[in-house]
Structures are given as C-alpha cells and as structure tokens.
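Heads up, the next two complexes both have chain A, just with different partners, chain B and then chain C.
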Partner chain A sequence: MGAIIYYLLTLAIFFAIYSIYAWGLNIHFGLTGILDFTYITFVAIGAYFAGVAAMGHAQPMGMGGEYILGWNLPFPVSPVLGGIAAAILAALVGFVGLRRLRSDYLAITTVAVGQIVWLVVGNQTSLFNGWDGISGVPQPFNSSLFHLSYNQYQIPFLVICLIVAFIAWRVAESLTESPYGRILRAIREDEAVAAALGKDIFRYRMSAFIIGAIFAGVGGALTVEYIGAFNPSGWGVLETFIVWAAMLVGGQGNNRGMILGAFLVPVLFTEATRFITIPGHPLLMESIRGMAIGLLMVLVVRYRPQGVIPERKRVYRLNLISQETEDSAHGHAVEG
Partner chain B sequence: MATPSKDNILTVNELKKSFGGVHAVDGVSFEVPRGSITGLIGPNGAGKSTVVNSLSGFHPVDSGQVTLDGTNVTNWPSHKIAQQGLIRTFQIARELQRLTVFENLLLAPQVQPGATALEAIFSRRKIAAWESKTLGRAVALLKRFNLFEMRDEYAGNLSGGQKKLLDLARALMAAPRLVLLDEPMAGVNPTLAGDLQAHIRDLNREQGITFLLIEHNLGIVEALCNRVIVMAEGRILAEGSMSALRENKDVVNAYLGG
Partner chain C sequence: MSLSMVWLGVGFGLITASVLALSSVGLTLQFGVTNFVNFAYGEFLTIGAYLAFVLNMGLHLNIWVSMFAAGILTAVVAWLFNIIVIEPFTRRKAPMIILLVVTIGMDLFLMNGVQALFGPEFKQYNDPSGSILHVGGLLFTVQQLWIIGIAAAAMVAVHTLLKYSKLGKAMRAMSDSSELALISGIPTRRITQYVWLLSGFLGGLSGVVLAINVNNFTPALGSEFLFVIFAAVIMGGIGRPYGAMLGALIIGVAMEVSAMFFDSSYKTVVAFAILVLMLLFRPQGILPSRGRV
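Moving on to the complex of A and B:
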C-alpha cells in the first residue's frame, strides 16, 4: 500500500473519531450550555478502560507494565466498557458540579477534575502504567479474524470507525431533533424559564453530561484500539481545546457543523500538517499549528460566532386539515 | 389565618422570607379563590416579587405554608410546583431567544413523548404523532395572541410587547391551573396592554383559568380583579375590591397617594 493512501486512511480514521468527539462536546455545550473544559478527560477514561479491558493480564515485571483489568475482552465489548467508564466519571463530576454551580464555576470545576484525574493516572502506576502509559492494545478482530499486517489493517478499521460514527450520528441527531433536545436548548437559553415550565434542570443537565461523556469515551476507545497505546501526554489540557475549536468553528448546536469542524481543525490543521517539515527549530511547525488554530478560533468568534454551519432553525410545516375551523392544524417538523 | 379550602386554589399561610436583615416578606397570608382573577398590588419593595418567587419555588421560604389545590408545596423545587399546575411568568419577559416562537410553545406541555433521552432515540414515531397533535393547540394560541405570523421567527427577534404575549401564551400552553402573572403590563404600550387585559379576561371566563395578577397599572387591576390584595413593607395591608381600597386610608397613604 502506498504511503499516501496509508496516510489518507489514517486521516479518515481520525476524521471519524473526531466527529464523534465533536458530537459529544456539542451535546455538552452546543445544546445544553455546559461549559466543559475537561472533555478530553472523558475521552481518556474511555480509552484507558477500553484498552486495559481488551488487553491480556498484566505480566508481573513484564514488558507491558502494570495495569488493572486485563480481561481480554473482544471488540464491541471493550468500547462499550469505555463508554460506561466515561459515563460513571461524568455522573460523579455532575453530581458535584451540576447541582448548584453557575456555569463559570462549573467550568473551573471541570478544569480541576481534569488535572486531578491526569495527575492520579500519571502517578498511580498500578492503574494504567503511569506516565509511560499502556501499550500493546490488540486491534479489533485482527488476531481472531483478519490476520492482517498493521498497514493492511487500515481499511477494516476505517470501516469499524465509520459504523460506530454512523450510529453516533443517528443518536446525536435523534437527541438534537427531539423534544428532549428542545428542552436542552431551552435550558441553554434560560434555566429559570425551563424550570418555570416544569423541567427538572438538574436531571436534564446530568443526562446530557453523561450522554456527551459516552460519546467521548467511545471515541477514546476507538483511538486506543487504533493506535494501540495511550499515555498522559496524549490528553493534556490542550487536547480539550482542539475539540472545542472544532465545535466553535463548525457551528455549535449543529451536528453537520461538527463534521465540518472535525475536518477543519483536528484533521486539516492538526493531523494533516504533522509531516510538513520546514527548516528551523524542530518544534516550529507545531508552534505555527497552534497559532493557526488560535487565529482560526479568534476569526470565527469575531466574524461568525455561530460557526461556519450555524444551528438550524426548526420550521414546522402546517397542513391545515379543515378550512372551517382555523384552530385545527396538523404538521410535522421539517428541516429549515 | 388562612385555611386551605376546596374553593381556594392557592392558600398562603404566614409566609416569611428575609434576605440578610431585610424582612422582605414578613408573615403574609392570603387565598386565591378558584376561577378568580386576584390582584396583588403595592409599592415597590413591598415584597410582591418575593411572594411570587416563593410561591413558584424560585427561592426557599424561611417559614410559613403554601398550599396549592390541597397539596402542601412549601419549598418544593420550581419544576415540581410547575408540574403541580402553577405556572408563572416573569416581570421582564424571558423568551428563549434561539428557539422559535413555535418551539417556545411546544416546550411547555408537561407530558411529552420524547422528553427523555431514551424516548428521543427510540420512539420517533410517537413523537411525530404527538407534535402534529400539539401543533394544533399551539396554532390556536398563536392566532389568539396575534403571533401566528411570527411562528417561525426566533423569539429573540420579537418586540418587547410580543415577548410579553409569548410569555403568556407559553404559560397557557402548559395547561395551568393557576397562572402567576408578574407585572404583565410593564413596558407594554397602552393598546397592547388593552389586548393583554382582554386575553386574560377571556381566558378566565372561557376556560376558567385562575390568575394571580401582580400589576402597577391600577386601571387594569380594577377592570380585571374582583378581589385585590394590597401589600406594603412585607405585610398585607388590606384586601377587598379596588373601589373599596380607594376609600381605605392606609392604602391611600401607603400606595395610592393622596
């Protein structure tokens, strides 16, 4: 397989995974207005748990280092476990943070939670092998079914990612376009009004927080099963803001916008520029990339705050069924 | 002492609420008879808004009891009080900006298929059936309030008066037993205020909806309310018809002016 094709397939895989991330963060912030500055922590917890669940038992003094679980679980089970782990963390954070805190204080809380989890995972080596991280996570179905080389494995893994992304898309769209999504958007606009109409704010924000975290966890699981390794340098504070940039650029509140954002920011700016070399300091390209993403965010927030594809206006089509009684009308939602 | 009775949809008993050292509401008792339009008036700082916020669960009370249709709802969270049938509006119209006028109304019904995440994913057909049924009700309300032409507009783009109308329409969409109107006429031009007044009277007569009306426009209070409660300095000063209150010296001194 040619290097270019291999590279494009890698980008396609990251595209699918980052779309899943962006849909999840969009449920947190774009729909519900929860300022979550530690989204990547849910990605990481999902990745770690899926990874160690898929790996075999840790060997004492062995090559793979120390880690928990080691259950040898097959593919569809391990990402589900990753999603559940992320959901549990979200429930814990939400229980502390979502009940009473205003959005800005909640944002601070999420940053603190991210730092705590990051430091604990790094220093408590018995969990996920500390700063060195886990490695040797088996590729889904490969040892049992495909028996492909690392290069050949790109295509089946892309198919797996696309299937998972398709399911995630359907779930995200169903939630966004339902009465549930309407209530979340109402809470985003004004909590007091939603409460005055009988909506339990805490319950809705909690459920949205957990669902968004499941997207993060499942995406993280795909990442670890693709790369095969995962350590704390892969999920610093900065990683959260790459997903944020994708969401803001794409258009918060719009799942199609999330796809565009995932393409523009993480894929085009971050991954596609990885192998561009320019003379000078070895880290120059990385710094330019960071500046470019920052500049892109500033431009979008200044000139197109709703993002490239803004939230869709819901228009209801009315088919008057009776001309005599003006009051009776039937209709259903159409995309506007 | 106010005692809960079947004829009163709302009974408030010895309600007290302080902020720091300020006794905003200092032992207030009153009833709202079922099917009535009851007025609540008083000078600024009398404690009317605190009463509204306490009744609707927006802040806890220090002591006292609130009984809504036979159920003790004292210190219930706001969403539970709303589910019990008490829907409030806000002094400054609080529209949900990036929801359309239609969506503002569709939000209000208490029981909606698809209001939970699982239903949203798995019962899409039930949702479509419910929405097409509910849209009819929303259309009727919007036509009544002259908002039908604006139905697909973002609520944030409405004029101030239209937002007040939307606030009322949205409250009615929730099928309330008691509507708490917090200064519905504030910032509304006289023509629109007349419209709002007519709407409130018609809804009361046709559908038997009970209103508790907090309002500074005394002409409208007089026209709508057969019973008016006057508050001053956190207490009830007087109760009665508006014409009787105009004769009451305490009320004149505290609020109406000489």
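Moving on to the complex of A and C:
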C-alpha cells in the first residue's frame, strides 16, 4: 500500500474519531451550556480502561510494564468499558460541580480534576504504567479474524471507526431532536425559566454531562486500539482545546457542524502544520499551534459565535396563540 | 518526631501561603468587580516569572528589583488584556459563559506564547541570598523571609487601599452591585481598569515569588498553580479578598504539612480535596455571608 494512501486512511480514521469527540463536547457545551475545560480527561480515562481491558495480564517484570485489569476482553466490550469508565468519572465531577447553578464552579472543577487525574495517572505507576504509559494494546479482531499486517489493517479499522461514528451520530442526532434535547437547550438558554417549568436542572445537566463523557470515552477507546499505546503526553491541555476549537468553528449546538469542525481544525489545521518545520527549539511549532488554537477560540466567539454552520433556529408554537401573533412571531424568528 | 515535622511543615506552609495569598487576592479582587473568573490568570504568574527572568538574567538586575519591575509590567499586560480582549465582550454584555471561554482560550494562547519565546526547558534565577536563618526553631533562607515579608506588606497595602482610599471604596461598591455603583456616579469602566492593573500586579509578583520558591520553572508554572489559587479563593468565598487571605493561609499550611508525611508530588491533591469539600458543603466560603444592607 502506498504511503499516501496509508496516510489518507490514517487521516480518515482520526476524522471519524474527532467527529465523535466533537459530538460529545457539543452535548456538554453546545447543547447544554456546560463548560467542560478538561474534555480530554474523559477521553483518556476511556482510552486507558479500554486499553487495559483489551490487553492480557500484566507480566511481573514484563515488557509491557504495570497496569490494572488485563482482562483480554474482545473489541466491542472494551470500548463499552471505556465509555462506562468515562461516565463514572463524569458522574463524580458532575456531583461536585453541577449541583450549584453556577457555570464557573463546574469549569473550575473540571480544570482541577484534569490536573489531578493527570498527576495521579502519571505518578501511580501501578494503574496505567505511569508516565511511560501502556503499550501493546491489541488491534480489534486482528489476531482472531483478519491476521493482517499493521499497514493492511488500516481499512478494516476505518470501517470499524465509521460504524461506531455512525452509531454516535444517530445517538447525537436523536438526542438533539428529542424532547430531552429541547429541555437541554432550554436550560442552556435560561436555567431559571427551565426550573420554573418544573424541570430538574441538576438531573438534566448531569445526564447530559455523562452522555457527552461516554462519547469521549468511546472515542478514546478507538484511539488507543488504533495507536496501540497511550501515555500522559498524549492528552495534554492542548488536546481539550483542539476539540473546543473544532466545536466552536463548526457551529455549537449543531451536529452537522461538528463534522465540519472536526475536519477543519484537528484534521486540516493540525495535520497540515505537522509538516512545517521552523528552526528553533523542539516545541516551537507545537507552541505556535497552541497559540493558534487559543486565538482561534477567541476570534470565533468574537466574530462568528454561531460557527460556520449555525444551529438551526427552532420555532415552537402553541395552538392557543392567535393566527396573527403566530405569523408575526414566525416572521420574526425567520428574520432573526 | 511527628510534632517537629508538623512544625517544619508549618514553616514551609507560611511560604506557600504567602505566594498563594498574593495570587489569590489578585484573582478574587478582579472577580469581585467584574463578576467572572479569569481562567488566564495563571498566565499572569507565568508572564511575571519570565519577565523577572529577563530582567534578572539578561539585564543582571537584583532579583527583588526584577520582581517589582516584573509586577508592574505584568500589571500593564493585564490592563491591555482587559482593553483588547475582554472589553469588546463586556461592552456588548456577552454572557459570562462566553467570557470564560475567551479567558481559557487566552490562557492557551499566552502559555504557548511564553513557551514559543523561552522554550520548554527549566529556568532559574540568579539569586545569591541563600543564607539560612533560624526563626523560632524553624530554618528559613533569607529569600523565604523576603517572600513572607513581601506578601505581608502587600496584604496590608490591599487592606489600606480597600478600607481608606476612594478607589478601594469604589471597588467594594462595584463588588456589591456594578449597576448601583454606576448610577451613583462611580466611573465603573475606569475602576475596572484599575482592578485589572492591580490583579496583574499581584499576579506578576506572586509568579516571581512562586518561581523563587520552587527554584526552577517552566512555562507551565502558572497554569499548574491555577487550581490551587481557585481552592484558596473558593475557600474564602469567591470575590472576597480577606477570605482569600485566610484561604491561602489554610491551604498553604495544609499542603506543606501533608508533604511532610506523604509523597510531596501529591501535595496539590490536598488543595484539590479542600476544593472538592468546599464545593460540596460550603460553596459560599468559610466566612459567614455578609448581610444584605
């Protein structure tokens, strides 16, 4: 297989995975207005748990280092476990940060949790082999079914990613269009009004937070089963904001926009700049990329907060409203 | 054995508390007036630390002179930050959630900017004042005593400012209600700009003393310390400077005493545990809430 085709397949796989990430973060922020500043931590927890669940028992003094579980679980089970692990972390974080009707307290909690999880995963070598990380995660179905070389494995793995991404898309879309999604949008727009209508804000925000984290965890599981290895340098602060930038650029609140955002930011921008080398210290290009992502977030919310594809305006009408006011309300909504 | 270790931890705790008091008062004052959390605040610390590095190593200035100058320069950075980045959003009354996204985006921008300029490797100041003094059975280096002295002086200055100056009274008025302050004739935009200057100055100073205290530092200096600052600020009640001082003292001492008994790389876990407990049980802070007048 040619190097270019191999590379394009790699990009396609990351495109699918980043779309899943963006849908999850969109459920957090775009749909519900939850400020999750450590989305990548949910990705990482999903990746680690799926990884160690798919790997065999850690050998004492073995090459793979130390880690927990080692259950040899087959493919569809290990990402489910990754999703569950991310969901449990989200429930804990949400329990601390979501109980008050203040969006900044959750944001602060997520920043703190990100730092602590990173620190504990790095220092507690017995969990996921510390700073060196886990490696040798088996490729789904490959040893049992396909028996392909690493290069040939690209195509079946892309198919797996597309299937998972399709399921994720269906879930995200049906959530967004359901009455549940409507309540989440109501909470995003005005918590007090939603509460006055008898909606349990904490329960809705908590469930949305958990569902978004499951997307992160499953996406993380796909990542680790593709790369085969995972360590703390793979989930730095920048990774969270690449997904944020993708979501903001694509158009928050809009699942179609997330696909575009995942293409424009993580795939096009990050990949295109990977081949630029400039003289200087080894992290110079990485730093400039970080500056660009941060600046991009600020510029998008400043000049085009609705993103490239704006969220569809939804007009709900009550039958009680007279025809005249209905028309004017409708005309206004279309105009706005 | 254990009692003397606790006492030793208290000594280190006073130094950490001093660093934390400077930084958390700077953050909480700005929150009180503008009513949103600045997630880029950690970068004020980092910028202060690197400005002092340039003055100290490049221009060969004394470390304390460098620190003071870096504080002033960081104040200017914070003032510009408000005018260039924040004001376009506050002018059109952008929701708080958007301001938080903006500040975290700027955090990423500034941290990577410092890293692009200075590189990721460890930096250290040239500071000869390393001789050791005995105070009350504790060992302090001269620079550590300086840090405690600077923080104490800054706290007295902040107290004097808030209590006796017209600016301080205007800040307190805005902290209670920005609208009422405006209709009482307080120039709220100008007061807000002063607050950013003050927040940047305290942030810059605390970044330098933090860098002195940890001995060598990277561009992640401020962002790694940010949630410890949050812990102190929330413990004292967000937006309340005296509470932040108290929170800084408690968390600083708790962190260093714990480091005497556990692996010291876990001392921020103590700050995290306190943050979680505060959010669960007393999110308004440990001080009794002020009555509505």
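Please note the rule applied: the second predicted complex is superposed on the first by the 286 of 336 C-alpha atoms of A that agree within 3 Å, B and C clash if a C-alpha of one lies under 4 Å from a C-alpha of the other, contacts with A are read in each partner's own complex, and residues count from 1 in each chain.
The rule is simple: a contact is a pair of C-beta atoms (placed from the backbone, for glycine too) under 8 Å apart; a residue touches a chain by one contact, two chains touch by 3 or more.
In this text the structure is predicted, and so the values were computed from the model without any measurement.
Of the two partner chains placed by superposition, A:56 touches none, neither chain B nor chain C.
Shared-chain residue A:305: touches chain C; no touch with chain B. Legend: residue contacts after superposition of the two complexes on their common chain; A:105 is shown touching chain C, with no touch to chain B.
In the superposition on chain A, contact of A:294 is made with chain C only, not with chain B.
By the document's definition of touching, of the two partners only chain B reaches A:175; chain C does not. In the superposition on chain A, A:186 makes contact with chain B only, not with chain C. Those residues of chain B that touch chain A in the shared complex are 56-58, 77-80, 82-83, 87-90, 94-100, 102-103, 106-108, 110, 112-117, 119-121, 124, 127-128, 130-133, 135-136, 139-140, 143, 151-152, 154, 170, 174. Residues 33, 35, 37, 96-97, 99-100, 102-105, 107-109, 111-113, 115-116, 119-120, 123, 237-238, 241, 244, 248, 281-284, 286-291, 293-298, 301-302, 305 of chain A are the ones that touch chain C when the two sit in their complex. Considering their complex, residues 36-37, 39, 85, 88-89, 96-98, 100-102, 104-113, 115-116, 119-121, 223-224, 226-227, 230-231, 234, 263, 265-266, 268-269, 272, 275-276, 279-280, 283 of chain C touch chain A. Across the complex, chain A meets chain B through its residues 171, 174-175, 178-183, 185-186, 188-190, 192-201, 207-208, 211, 253, 311, 313-316, 318, 326-333, 336.
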